[in-house]
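In order of appearance the chains are A, B, C and D, and numbering begins at 1 in each one.
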Amino acid sequence: MKKLMNDSEQIVEEFLQGFITVHGDSLTRINGTNVITRIDKVATKVGIISGGGSGHEPAHAGYVGPGMLDAAVAGEVFTSPGADQFLAAIQAADSGSGVLLVIKNYNGDVMNAEMAQEMAEAEGIQTEMIIVNDDVAVDDPAKRRGIAGTVLVHKITGAAAEAGKSLAEVKQLGEKAIQKMRSMSVALSACTLPSSSKPSFSLATDEMEVGIGIHGEQGMERREVMRSAEIAQLLTEHTLEELDENGSYVALINGMGSTPLLEQYVFAKDVQEQLEKRKVTLKKMYVGDYMTSLDMAGVSLTLLTVDDELLQLLHARAKTTTWTEAGNDD
Amino acid sequence: MKKLMNDSEQIVEEFLQGFITVHGDSLTRINGTNVITRIDKVATKVGIISGGGSGHEPAHAGYVGPGMLDAAVAGEVFTSPGADQFLAAIQAADSGSGVLLVIKNYNGDVMNAEMAQEMAEAEGIQTEMIIVNDDVAVDDPAKRRGIAGTVLVHKITGAAAEAGKSLAEVKQLGEKAIQKMRSMSVALSACTLPSSSKPSFSLATDEMEVGIGIHGEQGMERREVMRSAEIAQLLTEHTLEELDENGSYVALINGMGSTPLLEQYVFAKDVQEQLEKRKVTLKKMYVGDYMTSLDMAGVSLTLLTVDDELLQLLHARAKTTTWTEAGNDD
Amino acid sequence: MTTEQLHEWMKETYQLIQDNKEELSALDQEVGDGDHGTNMNRGFQAIVEELPNWAGESLATTLQKIGMTLISKVGGASGPLLGTGFMRLSTSFKNEVNWGDGLESASEGIAKRGKAEVGEATLLDVWSAVSKSVREHGLDWNRVADVSRDAMERTKELEAKRGRGALLGERSIGHLDPGAVSSDYLFQALARVMKGADDECRT
Amino acid sequence: MTTEQLHEWMKETYQLIQDNKEELSALDQEVGDGDHGTNMNRGFQAIVEELPNWAGESLATTLQKIGMTLISKVGGASGPLLGTGFMRLSTSFKNEVNWGDGLESASEGIAKRGKAEVGEATLLDVWSAVSKSVREHGLDWNRVADVSRDAMERTKELEAKRGRGALLGERSIGHLDPGAVSSDYLFQALARVMKGADDECRT
C-alpha cells in the first residue's frame, strides 16, 4: 500500500506539525514533546488526558478541546508513548484540581501511564487513571483491549470535568461508562504500517476477521465474509450479551479507516434493525471514523447503556476538531 | 475489494435509510425520493440545493443543515440523479425566495439539473444554477470537472442565503467563489464500485495518477509515486497557476476515501510550506474527507482566493452532520 | 406502430441490454465511469416492469411514460438524453405516427439537451443517422438496422467531444462510445419488431 | 564494569538490534503488532547517539540516562520494562558494581512494572534466568550467554500470558517472544563485551 508521506520515521512528527498548522488557532503542541493541548487552559477544573500510539487518527489529538480532552499524547505508529510524554500531558492538563488519565488496556499504554503517574505524584500533581477495555472479542476482561468506545469515555469524562465535578467524581463517571460499554470489530482488509510495505496480516478475498484489534491484532475467528446485516447481527449479539437487556443505548459505529461512509451508514441501518428486533431503546447513534487503524477496512460497533446522567454528558457542549456539540444552551 | 453492504443495487437506498436513522432529529428524507432535507425549513430565504452521484460521502447529504444546503439529492453510485429527483429537492428547498442549484460540471448532472429547472419554472419556482468546475487537471475550462472545492461553494452560498441575501446575490457570490478557486487531485490507488469486484482502474505498486477525477476518470499523467512534499509542490503549482499570486488563500485538503488523516495532515504541512515558500497568505486550512471517491486512496488540494466577504461567509455559523461552525456570535 | 409493438420494442431492448450489461459498463470504463450498463439496465428493467400497468394507454402516453421513466431511473447523462428522445417521439406521435418527423424531433431534442453535434462520438450519432436514413429512404427497417450499426461503429474512429469521453481528448479514439452502443440496441430491437410486423402483413 | 565497557555494551547491542530489526518486527507481527524491531532500534539508536554526550558521567548516571532514554524513546511495552531494568541497575551500582544484586533488582522491577511472572513468555524470562544464573554460579559470561539463549528459546514452547501475545492464548505457543529475543541480544552483547575484558586481563 502506497502512503502519502515523506519518511516513515518522521510521519508522526510531520503529522503533529500539520495538525498545529491547521488548528493552531485553538490548539498547541508542547515544545519538545508529542503532546497536543488547548491554548485556552481552564483555570480550575479536572484535567482529562488520553493518548497512545498513532495510526488511530482522529484519536487522540482530534478530541482535544473544550468539553473533551485537555491534552493528548501521540506515540509512534501503534506504539505507546513513553512515560515522559504522558507526564508532559499531565503537567499541561493540571490546573490544581488533578488529572484523569483515560488509558486503553494495552500493556504498554498502562505501564507508561503508570510510570507517568508516579512521576506526577512526585511533583505533587494528583492523578487518577481509568482503563478502557471495551473489546468483547477477548474473553478475559483483564486482557480486553480498549477500542473505539474510548471516545465515548473522552466525551463523558470531558463533559463532567467541564461541569466542574471533582477528580473522584469524574473518575467514577468514567468507570461507570466503561462498565456499561462493550465493543467489537470486524476487518475486511488489513492495514499497512508506514514502516512496512506489506499488510500487517493477510485476508483472502472472501475472508474477514471477526474481533480484530485496532492494531491488527488477531481476532476471534477468520471466516467467510458476511453481508452487512449479518455482521450487524453478530456484533450486536456479542456486545449486548453482557449488557442490560432492557436498557437504553447509545451506539457508536466506527469506520476502521478505509470503509466509506456510504457503507458505514448501511451498517448503521442494519444495527438499528437488530436493536429494534431485540426491543432495545436506541437513544442516539454516532457514525464515522472515530478511532481508525491506519487504512484498515472494517467497522466496530460500540454499545453503551445510558441513563439520563450519561446522556446529558454525551450531549453537553464540546468543541474539538472532530467532535463538536452545540450543547443544551444552543 | 470487499464491501460492507448487503446488495450493491440497494446500497444507496440503505445508506439513505441509515442516514435518516442516525440524523432523523434534524434531517428527513422526502417520501419516494432520494432527497435529504432539513426538518426545520426556514420561512423565507433562498434555498440551496446540491447533489449528484453517490459514492462521495459525506457529499452531499452531510452538508444539509442551517448555514449550508437545504436539500441534497443522492443518485446511484457515480450516477447523476434524474431530473425528477432534482425537482423534488428544489420543491423542498423553495420557500418563495427561489432556489440555487450548486452543480458539478458533469454532463449528466448539468442536464438533469437543467431539466429540473425547466420543470420548476413551469411550477412557478424561480431557480438559478451555478456550475462548479474547479479541477485544473483538465485544460479546457468548459470540460473541467467539479471536485472537492464544491464543498466550499456550499458553505459560501449557504451562509449568504442564511444571511438573507437575494437569489441573484447568492448566485453572484457562488460564481465569485468558483472563479477564484482551483483544485487538483492525485490517486495512489483506485476505487472499486459496489457493483463490481474489480478496481475501476489499476495502478502498479510504484505508480500514482496525477489529476484523477472523483469517479476514477483518467487524469493528466501516470507516473512514479512521489513523496508527500513533492505531491504538495505539484498540486500547489497547478492550482496556483491561474490564481492571484498576491492573494490571501483558504486551502482545502480532501482525502479521497482511504487515505488516513495521519497522512492528510503530513500533506497539509507540506502544502503550507509550499505556500509559505511562495509568500502566499494562508488564512485557513481544512483537512479531512470532504468529497470522497468510495475507497480510493489519494488526496486533492483546493485553493480559494478569499477577501473579507468570502472569509466571513466561510466562518459563518453552520450546523450540518459534517461541517459545523460556531459562527461569530459564539 | 401499435402499442403492442411498442411494448415488444421495449422488451426486446431490455433483453439486449440485460445480455450486454457488463459489456456496456466495460466500454464505459474505457472512456467514462463504468456505469452505463447498470444505468441502462436499471431504466429498461423499470420500463418492462411498468408495461402491464400501462396496458390501456395510447401510444403517445406510453412513449411519454417511457421517457419519464428513463429520465427518472437511468440518471447520468444517458437518462435525460434518451428520456428527451422518447418525450419528443410522444409529442410527435400524438396525432399521427410519422417516423420521419418523430425521429428528427427526437434527434434535435437530444442534440439540444446535450449541447451536442453529430460526429462527437455520442449516442446522438446513432439517433441522427437513423433519423436521416428514414427521412431519405423511408421505413426500410433493414436499412435502419444497418445505418444504426454503422453509426455506432463509427464512434470508434471519432474523438469524443461530449460526455466523460471528451476528457480523454484524442485518447478516446479507438473506443466505441457506450451510449452509441446502447442506442444501437434500441434501433436493432425496433427494426426486428417492426420487420416482424411487416413480414406478418405480407403473409 | 567500566563506563567504557558500558558504552561498548550499548554499541554492540545496537548493532545486533539493527541487524535483526526486521526479524524482531516479524516475530512481533506473529504474536503482537509488528513494531518491536522498530521500537528497539529507535531506542538504542538514540542511546548510541547520546553516548558521546555522556562521556564524563559515572557508571550509575550513565545507566540511569540509558534507562530514561529507553523509557522515552522505545515506548510501547518494552520501553518502560527495559527502562525500569536499567534504572534499577543504576540504583544498585551506585555504591558497588554487584551484578548479582543489580540483575536481581532489575528483574524484580520488570516483574513489578509488567505485573508479570517468570514463565509467561516475555522478556522477563530472559532477565530472570540470567539473574538467577549469576546469583548461583557467579560471573561466568559464557554461562550467562547460554542461559540467556536457553531462556529466550524456551519462550517458543510457552503460552504467552502478558503483552499482546497473551491475546492469542494457546495460539501463541510455537512462537518466540520478540521481547525475549531482543533481551537475549542485550545479554549476548554484555557477555561478549565482558568476556573480551576478562580475556584482556588474563593476557
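Heads up, the rule we're going with is that contacts are C-beta pairs under 8 Å (C-beta built on N, C-alpha and C of every residue); 3 or more make two chains touch, one makes a residue touch a chain.
Since we're looking at a predicted model, the values are computed, not measured.
A.B. asks: With centres defined as the mean C-alpha position, give me the subunit B-subunit D separation in Å.
C.D. replies: From the centre of subunit B to the centre of subunit D is 54 Å.
A.B. asks: How far is the middle of subunit A from the middle of subunit B, if each middle is the mean of its Cα atoms, in Å?
C.D. replies: 28
A.B. asks: Distance between subunit C and subunit D based on Cα centroids, please, to the nearest Å.
C.D. replies: 76
A.B. asks: In subunit A, what residues contact two or more other chains?
C.D. replies: Each of 77 in subunit A touches at least two other chains.
A.B. asks: Residues of subunit D that contact two or more other chains, please.
C.D. replies: Subunit D, residues with two or more chain partners: not present.
A.B. asks: Treating touching as the only link between chains, describe the layout with one word: line, ring, star, complete or other.
C.D. replies: Contact pattern: an open line, chains touching in sequence.
A.B. asks: Pairwise, which chains touch?
C.D. replies: A-B, A-D, B-C
A.B. asks: What part of subunit A is in contact with subunit B in the complex they form?
C.D. replies: Within the complex, subunit A contacts subunit B at residues 1-6, 11-12, 14-19, 21-22, 54-55, 57-58, 62, 77, 188-189, 205-206, 208, 225, 227-229, 231, 257-270, 272, 285-287, 289, 292, 294-295, 297-299, 319, 324, 326.
A.B. asks: Touching subunit D in the complex: which residues of subunit A?
C.D. replies: So the residues of subunit A in touch with subunit D come to 9, 53, 75-85, 106-108, 111-112, 114-115, 138, 143, 145, 193, 195-196, 200-201, 213, 215-218.
A.B. asks: Which of the residues in subunit D come into contact with subunit A in the complex?
C.D. replies: It comes out as residues 25, 29, 32-35, 38-39, 42, 68, 71-81, 83-84, 113-114, 162-164, 166-168, 171.
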